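Heads up: the structure comes next, in structure tokens.
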Amino acid sequence: RSGEMAKLAQLIDNDVFRAYATYTTIVLLKMMLMSLLTAYFRITRKAFVNPEDTASFGKGENAKKYLRTDQDVERVRRGHLNDLENIVPFLGIGLLYALSGPELYSALLHFRIFVGSRIFHTFAYMIPLPQPSRGLSWVAGYAVTISMAYKVLKTSLYL
Amino acid sequence: RSGEMAKLAQLIDNDVFRAYATYTTIVLLKMMLMSLLTAYFRITRKAFVNPEDTASFGKGENAKKYLRTDQDVERVRRGHLNDLENIVPFLGIGLLYALSGPELYSALLHFRIFVGSRIFHTFAYMIPLPQPSRGLSWVAGYAVTISMAYKVLKTSLYL
Amino acid sequence: RSGEMAKLAQLIDNDVFRAYATYTTIVLLKMMLMSLLTAYFRITRKAFVNPEDTASFGKGENAKKYLRTDQDVERVRRGHLNDLENIVPFLGIGLLYALSGPELYSALLHFRIFVGSRIFHTFAYMIPLPQPSRGLSWVAGYAVTISMAYKVLKTSLYL
């Protein structure tokens, strides 16, 4: 089966596909960081949602008071959900775009703007920066995803 | 590296894969519309969640009154989350299904029912239509995803 | 176009890719079960969120009392969202990892730990088991995803 392995290797050897693999992995790792950030704020702010998570603080009323919402925790969770809503379209449309034969410089431009916009969006949301910082970074990522979708449909439309 | 590009082009030249690319892009664009719809309702209903988003309405109590939940905003957000929960499985299982060598007419049938069901689901949720409109459209998308998963496991099971 | 079909068949004939297809399909089906579980708890606990969903219980105040949150429903929904947050990175990074030419035994180890950890996580969340059961199963899935991301970046880094 080494022949098939070689064929797969050709896919990952393609520069556009390698760029897609790199930027997708980076932006997914960034999204995964939001889970750690949520855990960090839940522990430092002592704000939990599951009773079993507060068992180490004792029993009864003493533990119950930590079952509460916290503004910082909720902010991270909103940032995480916004990542999901925007990175899932990038994951799918970006893959199809990478397979649609774009120019390398064009693909790099799309991937870099998207990943840059999502990293900036996270800082704008977490610090938080005054608007329209967060709004504009969201628009940038949204726009390049639309641009990639246009290329995919132009190349491979089959209804 | 033009040889590898040619090989990638063969993938995107495959009719089943082109159909997957087309319908996946359409349904992801539809999901992305939910973000715009949320923004539209947040602005027209003046219902925000982040203090920095209401800064343009003034300071103190005047801005604080716009930090509230709104029924229309929450409804769009539920529709968006339902999209995520159902389109993510389609994204993954649909790709593997497209690579599992299905008949073209069968693949088109699966993709069209899924995308049609999600578009109908959005209208049923947003208008809203009386139940079981939304429920049945959800079931249709769920069922074709299960059907594609069955084909993937039958073709390529390797535990 | 049978030539291209044959090429696609070679992809799905690759053992590592078949393993990815199998484990990804299983873990996505598991995630889809969370929707059914939510529906089950909403119906048995009579806890709904959309007015149109309670119309069959009558009109006015009689139906309105079923528009409420329920602890069991909310717990399933948290488990579902946690699935989304963790399975989406696996979907993308796992695909790129499968295409990066890993050893079969290593790929199987990664996929099995990930899928096993997510299945255990669901039981730990739903029963619920005392902590740190849920926490550790989450860490296991998170760690193998990081390990796959490292392999992808090592093999195909292109910035």
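So that you can tell them apart, the chains are marked A, B and C in the order they are listed, and the count of residues begins at 1 in each.
Convention: a contact is a pair of C-beta atoms (placed from the backbone, for glycine too) under 8 Å apart; a residue touches a chain by one contact, two chains touch by 3 or more.
By chain, with names taken from UniProt: A, B, C = Microsomal glutathione S-transferase 1.
Everything numeric in this text was worked out from a predicted model, so none of it was measured.
> Fit chain A to chain C on CA atoms, both being copies of the same sequence, and give the resulting rotation angle in degrees, nearest 5.
120
> At the chain B/chain C interface, shared numbers over all numbers used: above half (same) or below half (different)?
Shared-number fraction below one half, so different.
> Rounded to a whole Å, what is the gap between the Cα centroids of chain B and chain C?
So the centre of chain B lies 16 Å away from the centre of chain C.
> What residues in chain C touch two or more of the other chains?
Answer for chain C, listing residues that touch two or more other chains: 7, 11, 15, 17, 81, 84, 88, 91, 95.
> Would you pull the chain B residues touching chain C in the complex into a rising list?
Residues of chain B touching chain C: 7, 10-11, 13-17, 75, 78, 81, 84-86, 88-89, 91-93, 95-96, 99-101, 128-131, 134, 142, 145-146, 149, 152-153, 155-159.
> Mind listing the chain C positions that touch chain B in their complex?
Residue positions touching the partner: 1, 3-5, 7-9, 11-12, 15, 17-19, 21-22, 24-25, 28-29, 31-32, 34-35, 49-50, 52-53, 55-56, 80-81, 84, 87-88, 91, 95.
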